[in-house]
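The following blocks contain the structures, represented as structure tokens.
Each of the next two complexes has chain A plus one more chain, namely chain B in the first and chain C in the second.
Showing the complex of A and B:
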């Protein structure tokens, strides 16, 4: 017991000294103005890329290669979770919630889908984009699983279809990148590769950015949905019987 | 050839495998094999065509705004290492698992793409992103197949340690971005001199600690023996042969570019922890009863040996370290392949049970002996050559204790490899229970033995040795790196 307390104090002292060391290293500039590439991005995004959302322009144009990698992290995780939970004996269940909830959900689904697609498609002109819109798409399938049971979810959107959507999203991203390479403008080039910029603020602007948003939306939406579906199969072991009535 | 292809080709294969599996199930195996060949050739061509320095920036931006990829001799050497190690591991996986676990092959190709990305990138944050892909894929490959709880536990341990390391890396990147506003390595290396020393120490500490955790250096090595020994044979070979070296590459690249002119203390730390890894790794390996754990602890020691070369902070030291990376890859992949095959035949990984194997598979045991003496550092084998160069580099800079540690490690490692070989050669009353033919593993082991012997001759061939020493020059020379990346 005494040794435990002693170890805790040692740990706390180590954490505090580490924190103090990092605190000392902080640089707080008195001048709040941007410098370096950040200042350039803020000044020139509109003319360089045709997108009015600077964050989307940095994510999908200036540093698009990072986003390619980040979406691949999610792809890797989804693939791995599906591999870890690929157990045949766990079957899909059709237990759901009460009819009132099922009906209410049925009315909400179209609106959620419209909302999700608007986030994805307008990622270059308003806050949002493929990652966020994809997550909203995934909530539809998550709600399907919770409210109607995972059997219904799998009958509407089969796991294979999700797999196809996810992989095609990833390939679409790579294809847009390779198109820029083929045009001689470099991997993931936007306006230089012949994508039209369009009037700033309109739906058809920003060159390849909307296309890449759709690709990431496909990857993330299908991926998160597969992730949830793989894990909820573990929770719904038919041998245990239906969950208690609430 | 454009360096980006070496990253995009394996990643695209990873995205294509699920589609091939769904639509053309029969062709999965063949397409995986063919695409592995293509990826390997593409990596090798990128490495050789960029041998004198090639850089491209994504999207046609300037290096300051976009993300640059860059090949020079150091990255070319590690690219060749990956292009050799991945196909060998894939062939071994194909033999032991068949084509059915297609998700495993997806992870395999994604980790290949990420490894190439880490090696090629000239951007600090991009390196972190690829580290994430590579680590997630590695955690999951360790836990394959998810039947054995040891593998899942080791994978979980690896996940926790790897995440801590990644957080340190991210903190270091955040601090350097806060201080300079730049992410391009070429520009950062110029601006490091203007960073206040207090902040510089935080940047150096965080980046180096993160990479130490990822490479399994001594005080943070706990995940490595579990992960490398619980994984399947082909995955163990890949982890020890290639994946650990990638973190070493990142350490060489970042320490020389960012801290070589401004903060030499980083190299003392690398030297100290390298020495500690050599001592601890060899002593721990000596105590192991499990053959794969023994090999895994030996990996800790060998990483320490490589780090001693890096810590010398000289061109000669880095060349010797890179040479040792190649020797360790061939020998350790071979050792894991042989040990995995023999342990499966004996249905036990306990060294005391592994008797009578000389009569059972003489060629495998002979190859094991070759790899073991090479790695232990018996002249005239390849491990001796690189250790000799490391000793020269270390004593030339006046570091006596690390040199002594390498010599003492050689004695200890000869002792533990002799223990294993004695078990292999001793006669056994009980017959070996399994006898599955292993044509692919046999050929891979033969290939690795040939490579092992050829590498020993490298320092004596005039052309090869000058190539070897130019690798170290390109690592140390920050000015030529900047010239290539910034396009002067």
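Showing the complex of A and C:
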């Protein structure tokens, strides 16, 4: 017990001194301004990519290869978690919440889906994009798991379908990249590779950026929901009692 | 005022680090890791701030904040979620195997 308290005090002292050290080392520019690559991106996004959202342009055009790598990390994680919990089959899931909650959820689902798709599809003209929209898509399946029980969720959106969606997202991303290579403009090239851009601010602008947004949205949505499902299916006890009287 | 954001980020990072090094429960360790990640992301987003500048969207009114530090957290959040998920998966496996999530009690090879 004494040793544990001692350990805690040492930890607290270490963290406090580290925090003080970082605070002292902080250099805040008195008059911050754009410099380096950021200034170039802000000045040239319109002519280089045709997208209005500069963050999306950096993510899917200037640094598209980086994003491709990040998307691979999600894929690897999903493979790892699904592999760790592969053997257990879900015999019976939880019984879900009360009918009032189920009805309310049923009314909300279409709106959440519309919201998520608008975030993904308009990712190049408004703040948003594939990562955020995919996370909202995954929220729908997580809510299904919590409110209706994970067996219902698995019967409506089977894990196989999610797998296909995720893989096709990755393939779409790679195909857009390889198209640039085939056109002789380099991997994940955008306007140089012949993707046309409409007027800035319209839905069909930004060349390949909307396509890549959709690909990442499919990957993230399906990936996060697979992660949640793989983990919840082993946490729910099959030997649980009968459904509660509602 | 930007000092408040930086101070918050450093405080959150240190709280996460304290959780990471003093707790024996593996679940709490992972929570500490995720708190530390939140501090780092907050620091990155705050570092792009420019006073009296708008968001980096194209009909731009009076300059924009630095878009580059907004890009990295976007992917880092998803990466953080995935590595927390993988860590939790391993902890669940460890709990099934050893019957405990206390790092001090997980000893030796079993099974």
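Heads up, the rule we're going with is that the second predicted complex is superposed on the first by the 204 of 246 C-alpha atoms of A that agree within 3 Å, B and C clash if a C-alpha of one lies under 4 Å from a C-alpha of the other, contacts with A are read in each partner's own complex, and residues count from 1 in each chain.
As a working rule, a residue touches a chain if its C-beta (ideal position, glycine included) is under 8 Å from a C-beta of that chain, and two chains touch if they have at least 3 such contacts.
Please read all numbers here as calculations on a predicted model, not as lab measurements.
Asks: Taking the superposition on A as described, I'd like to know which of chain B and chain C A:131 touches: first, second, both or neither.
Replies: Only chain C is touched by A:131; chain B is not.
Asks: Please indicate which partner A:190 is in contact with in the superposed arrangement: first for chain B, second for chain C, both, or neither.
Replies: first
Asks: When the two structures are overlaid on chain A, which partner does A:14 contact: first (chain B), second (chain C), both, or neither?
Replies: Second partner only, chain C.
Asks: On the A-aligned overlay, A:53 touches which partner chain: chain B = first, chain C = second, or both, or neither?
Replies: The answer is second: A:53 touches chain C but not chain B.
Asks: Name the contact category of A:22: first (chain B only), second (chain C only), both, or neither.
Replies: A:22 sits against chain B and chain C alike.
Asks: Between chain B (first) and chain C (second), which does A:97 come into contact with in this model arrangement: first, second, both, or neither?
Replies: So A:97 meets neither chain B nor chain C here.
Asks: Check the residue A:170 against both partner chains and state whether it touches chain B (first), chain C (second), both, or neither.
Replies: first
Asks: For A:77, using the defined touch cut-off, is the partner it touches chain B, chain C, both, or neither? Pick first, second, both or neither.
Replies: Touch partners of A:77: chain B and chain C.
Asks: Using the touch definition from the top, say if A:143 reaches chain B (first), chain C (second), both or neither.
Replies: Neither chain B nor chain C is touched by A:143.
Asks: By the touch definition above, which chain A residues appear in both interfaces, chain B in one complex and chain C in the other?
Replies: Chain A residues touching both partners: 22, 26, 37-38, 41, 63, 66, 70, 73, 77, 80, 84.
Asks: Contact residues on chain B for chain A in the complex?
Replies: 2, 4, 8, 11-12, 14-16, 18-19, 22, 56-61, 64-67, 101, 103-104, 106-107, 110, 113-114, 117, 125-126, 129-130, 132-133, 136-137, 139-140, 143-144, 146, 171, 175, 178-183, 196, 198-199, 201-203, 205
Asks: How about chain A: which of its residues touch chain C in the complex?
Replies: 7-8, 11-12, 14-16, 18-19, 22-23, 26, 28, 32-34, 37-38, 41-42, 45-46, 51-55, 58-59, 63, 66-67, 70, 73-74, 77-78, 80-81, 84-85, 126-127, 129, 131-132, 135, 200-201, 220, 223-224, 227, 230-231, 234-235
Asks: Taking the touch rule as given, give the residues of chain C at its contact with chain A in the complex, in rising order.
Replies: By the definition above, chain C touches chain A via 2-3, 6-7, 10-11, 13-15, 17-18, 21-22, 49-51, 55-60, 63-64, 66-68, 70-71, 74-75, 77-79, 81-83, 85-86, 88-90, 92-93.
Asks: Can you name the residues of chain A that touch chain B in the complex?
Replies: It is residues 21-22, 24-27, 35-38, 40-41, 61-66, 68-70, 72-73, 75-77, 79-80, 82-84, 86, 160, 163-164, 166-168, 170-171, 174, 177-178, 180-181, 185-190, 192 of chain A that touch chain B.
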